[in-house]
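First subunit A sits with subunit B, and in the next complex the same chain sits with subunit C.
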Partner chain A sequence: MKRRVAVVMLALMVVAAGVIVMLPGTSYKAQDREAIMSGATAHHWVGTDDVGRDRGVRVAAAVLLGLGGAAAAAAITTAIAAAVGAAAAFSAPGVASVLMLASDLFLSLPWLFLLMMVRSFLPLTTSPLHSAVVTFSILAALGWPACARAVYRGTLNLRSSEWMIQGRASGLRNTQLMRRHVLPHLLPLLIPQFLICVPAFIVAEANLGTLGLGIAEPLPSWGAMLLELDNSASLALSHWVYLPVVVLVMVLLLLESLTAEV
Partner chain B sequence: MNVRFGVRQVTALVSVIFGLVGACQMPSKGPGELAWAMRYDPKTFDPAKVDEQASEEVRFLTDGVLIRVNRRTQQPEPELAASWNVSRDGRMISFRLRQGLRFSDGSALTSRDVAWSLRRVLDPATAAPVADEFLAPQEVKVEAPDALTVKVHLPKRVIGIENVFDEIAIEPAERPSEGKVTSGPFTVVDYKRGQYVRLARNANYWRRDAAGVQLPYLTGIRLDVLNNREREISLFERGEYDLIDSLPPDYFGLLQKKNPRAVLDLGPSLNTEEMWFNQAPGAPLPDYEKAWFRNRAFRVAVSQAIHRADLARIAYDGHATPAYGFVSPANRAWHNDGLRFPHEDVAAAAQLLAGAGFHKSGSSLVDAGGHAVKFSILTNAGNAARLKIATLIQQDLAAIGMQVTVVALDFPALIDRLMHKQDYEACLLGLSNVEPDPNTQMNMWISSSPNHQWDPSEKTPATPWEAQIDKLMQEQGTALLQKNRKLAFDQVQQIVADEQPFIYLVYPNTLYALSPSLVGVEPSIFQPGLIWNIANVRRQGTK
Partner chain C sequence: MRTVVLICRRLGRTLLLLALVAVGTILLMRFAPGYFSDSREMDAKYAQREQTELHQEEAKSGTFRQLAASTLGGWLHGDLGSSRQYGVSVMELVRPRLRVTAVLLVRGVVFGWLLALCTAFPLSVWRKARAVAGVPFTVLLAIPTGAMATLCLLADMGGPVLVLSLLLAARDFKFLQRLFDSAWTAPHLLQARAQGVRFDRLAAAHLLPNVTPQILGLATLSIVTALSAIVPIEVIFDVPGLGQLAWSAALNRDLPVLLTITLLMAAAVSCAGMIAPRDRMVQTA
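Coming up: the complex of A and B.
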């Protein structure tokens, strides 16, 4: 029940964000220079930021970008985890050890420094959209190892089950066994993994944004918007400065409640 | 027992905890002591080796000098030297010391100490940054014919030589003490790396006030090492700090609302914010981009498309002045009042670009070769006003079809790209001008200089106008008459306004926060603007 409510609320949030972003005459980057850090007005329902950009449109765009990017990255990372874990389980013990060693190596990587390094290698003219794609791609590339270990263990158990032995005896190849039998049985493991990754990646992107390593301006990102809270002068000018953090917490709570129910 | 916590109680509890933690970390402020923050640790306490702001601040507070430049009038005034005289040919300056001078440890200060301090600064082994101001320091001769006279012989005339002595601390001969034994108003008594520098009053300081009271009035100064503006503002509001040098513009309004007497806006500073394009021939950029950046019409069009009034109003909350040249109007002696510059005009910018072979393709501007005009503006992370400027310029240039990406890098990475790799397209930074004299900007304008930012270390001037700047800068540096220097420097300003190698944006105002309980402060736009006459500063109600 709780899960349904959460799904409905998230869906409503996404639809509302989509409508706000698509409204004619709105833009997340247009600067209204006569309305700097304004409060709620007829033109800007939840005020503007420090260069006069509509805060509502920017928060809505951040919801879409954050959720969309995090969901895509979570899907990729879950797919990589499933592929690596299952491949290790169906491989010779030596290959399995190498694959698990590789996942341990990934787990031990200082990912923040890796991200900084990757970002510093990007051309300076990387467009904001590309910076968003790169940010979420890196998160996807770094998020799979823990899940891969769980998939490996789960697949090993499945592999020795009676129905798998029967499948093998029936002449099914490993790829067929994986596609028809193992993957459906791994779904209860993969879906929670996916749902855990989505909020984790949203938070990771926000953290990177506060360090200036996330999505480039003028695309709105949680991190860049949360940075406004670091300035007591901004806080004194408008209470709407708190809107991004309120919406972010709502999104995270709804995503967490989805995970809790699985 | 039923205990309920509301939001107020929780907030109060958190404040008390943070307050206690803060109080434990910070040494208490003694009576008659002032406190403020410096951004980072001083690199050195050796007054001869000072080359950054924190060390300079400590030197200013502790060390005695022969001549002090009055930051209000910009005139040199006698300090340890009772008088001085520059010879007619400008190649000899002689000082007559005050009688009865003493160091903070009670030992006598004589011409021997002065000569030793000057020779130490001039010695190449000391690597004193101020030595360069003597032009040929190794050829300078210092003599002390008697206990109160010092003569300095220069190989050639140095314009404004008196002002150089404002930066040379007089230390006890053969006993350099890194600020512990000084002839200035304070001495260094305690330093904890990353925490604070504590200074105590020099009881042997020579100066007395009109009533005969020995200066300084203050018993000491605590300089906290603190690179957190939020905390600095909060400590100022709580009265823990007495002043804030270079107050960020967004906090000005906040403090003004709470106490209008605690903030000062002295108007335009000598500093500038500017952007420039990379014109270095060896830069790792495509040839067509280099061609844009070397094209005068392109640079002028960019300049015309930028709404500087918006930059001043939005990025600086109104505490800045639109800039069109590199000399601030605050520098009254050297500002070119008749400067002609390209005015803001988006239509004229578009026309200029069309004349240079650029045209619009949809909403994008493309060059004659069909390349879309897109480039990045590099700036340093952590400067909120500068990032806002970059974001505003991004939209201004979009109006003429240029696609701009703003990239904020940490300072070391930024300097690496600018100075070593020259791997950038455009850069937005500020320049802090401490001295009003054009000679201090020589290294920026001479084409062979590594600090000639748009094309560093040119072997020969790349363009006729750069050659002309070289010539005029040399002229102003050697002219005997002030009016000839001004004439040459006016022409340099005009060439820069015409060619726009730097596109000047704003002159940030000088903003200070100052405790209303302080008496005797004479704020100035020249550094160190609030403490230059520290010996005369006292807290209200104290003697």
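Coming up: the complex of A and C.
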């Protein structure tokens, strides 16, 4: 029940964000020079930022970008984890050791530190779209190891089950066994991993943004909007500056309630 | 004998991982854009010919082997090399910051754990209050570290220790609550309760010894979480610790400094992994 409510609320948020972004005459980068840091007005319902951009449109675009990017990155990372974990379980012990060593290599550094390090080594002065692609690609590329270990364990358990022995005895090849039997059985493991990754990636993007390593302006992202809070002068002018934090927390709470229910 | 072999294998694996981390860091830095940029290139007094010489010099000293050799040389020299950004030995930079970060970590982990334990344990007994008391932790869990630190800074309320403690408490509270829940419903505890064993004795003699190994595993995971969080916390609060130094070194392509901090981080995580069995850590994660 709780899960259904969370799904409906998330869907409503996404639809509302989509409608706000698609409204004619609205743009996340359009500046209203007459209304810099304005409060709520008839023209700008939740005010504007320090360069006169409509905060409502930017938050809506950040919801879409954050959720879309994090979901895509989570899907990729889950697919990598499934591939690595299943390949390790079905390959020779030496190959499995190397693959697990590779996952340990990523796990040997704290997650945010690793992200910060890798992101800072990549070009920082790029186009906004490129920076968004780079940020979410890094999340996808670095997020798989813990999940891969879980998949490896799960696949090893499945491998020794009776129906798998029967499948092998029937002459099925490893690829067939993996595609037809192992992957469907791993779905109860992979779906929660995917759902865990989505909020984790949103939080990671926001943290990278607060370090100045996230998505470049003028593309709206959680991290960039949290950076707005650094400007104490703007906080005194409008309380709507806190809107991105409130919406971000709401999105994360809904995503976490989804994860808890699975 | 078996224990010795096990310890040797773990140590060997840890050393191999540290070596791979070092190689990975050097490679990443080697190919990072801007690594070879020299401030002298911006200076108009250097003519084209000198600039070409600079590029040639960089190309010679910029191979992976050269970089690894100079880094290793610095490590063998005992001062961990020289910082490109500050022009002083890395040891001189890292030593005072190590203390600052260690103090922050210890305080954050201790206060975070006290907060999580002091809330989760009573709630495992007094279940009616759980719905209300658990809400702040759920909300805290949904706030990114950077945002939490910025909000604390703006509100002029608390400092880096508070943010780290809240973060860890929020992360560990639910695990602890589940742990205590399952421990209370264990058959031997139900039996002891049915026999009328006093609550304090029940907790001290039956509950805590049962949950201590899991708590230890979770505590080591807290160290990893705390290490991860110190970067944004130190940067936002302007704490002169290792996290801030790492961030600055990464942005300024300061390989010797970044390599040292990366290895320290990897060693800390590996030590935490040695204390807690890996499987338990992955399961808890």
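The rule we apply is simple: the second predicted complex is superposed on the first by the 245 of 262 C-alpha atoms of A that agree within 3 Å, B and C clash if a C-alpha of one lies under 4 Å from a C-alpha of the other, contacts with A are read in each partner's own complex, and residues count from 1 in each chain.
Here, a contact is a pair of C-beta atoms (placed from the backbone, for glycine too) under 8 Å apart; a residue touches a chain by one contact, two chains touch by 3 or more.
Keep in mind it's a predicted model, so treat the numbers as computed, not measured.
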Practice item. Would you sort A:D230 into first (subunit B), second (subunit C), both or neither based on which partner it touches? Key: both
Exercise for review: Applying the touch criterion given at the start, work out whether A:L129 contacts subunit B, subunit C, both or neither, answering first, second, both or neither.
Suggested key: neither
Review point. Which chain makes contact with more of the residues of subunit A, subunit B or else subunit C?
Key: C
Check your understanding: So, does A:V98 touch the first partner subunit B, the second partner subunit C, both, or neither?
Key -> neither
Exercise for review: Mind working out whether A:D50 is in touch with subunit B, subunit C, both or neither, as first, second, both or neither?
Suggested key: first
Exercise for review: Check the residue A:V15 against both partner chains and state whether it touches subunit B (first), subunit C (second), both, or neither.
Suggested key: neither
Exercise for review: Could you say whether A:L187 touches subunit B, subunit C, both of them, or neither, answering first, second, both or neither?
Suggested key: neither
Practice item. Return the residues of subunit A at which the contacts from subunit B and from subunit C coincide. Key: 120, 124, 230, 232
Review point. Which of the residues in subunit A end up touching subunit B in this complex?
Key: 29-31, 33, 36, 50-52, 120, 124-128, 212, 216-218, 230-234, 236
**Study point:** Complex contact set, residues of subunit B against subunit A
**Key:** 230, 233-234, 248, 250-251, 253-254, 257, 307, 310, 313-314, 374-376, 378, 381, 384, 388, 391-392, 394-395, 405-408, 413, 423-425
Review point. Which part of subunit A faces subunit C closely enough to touch in the complex?
Key: 101, 104-105, 107-113, 116-118, 120-124, 146, 149-150, 153, 199, 203, 206-207, 209-211, 222-223, 226, 229-230, 232, 235, 245, 248-249, 252-253, 256
Check your understanding: Mind pulling up the subunit C residues that touch subunit A in the complex?
Key -> 13, 16-18, 20-21, 24-25, 28-29, 31-33, 138-139, 141-147, 149-151, 154, 224-225, 227-229, 231-232, 235-236, 243, 246-247, 250-251, 258, 262, 265-266, 269-270, 279, 282, 285
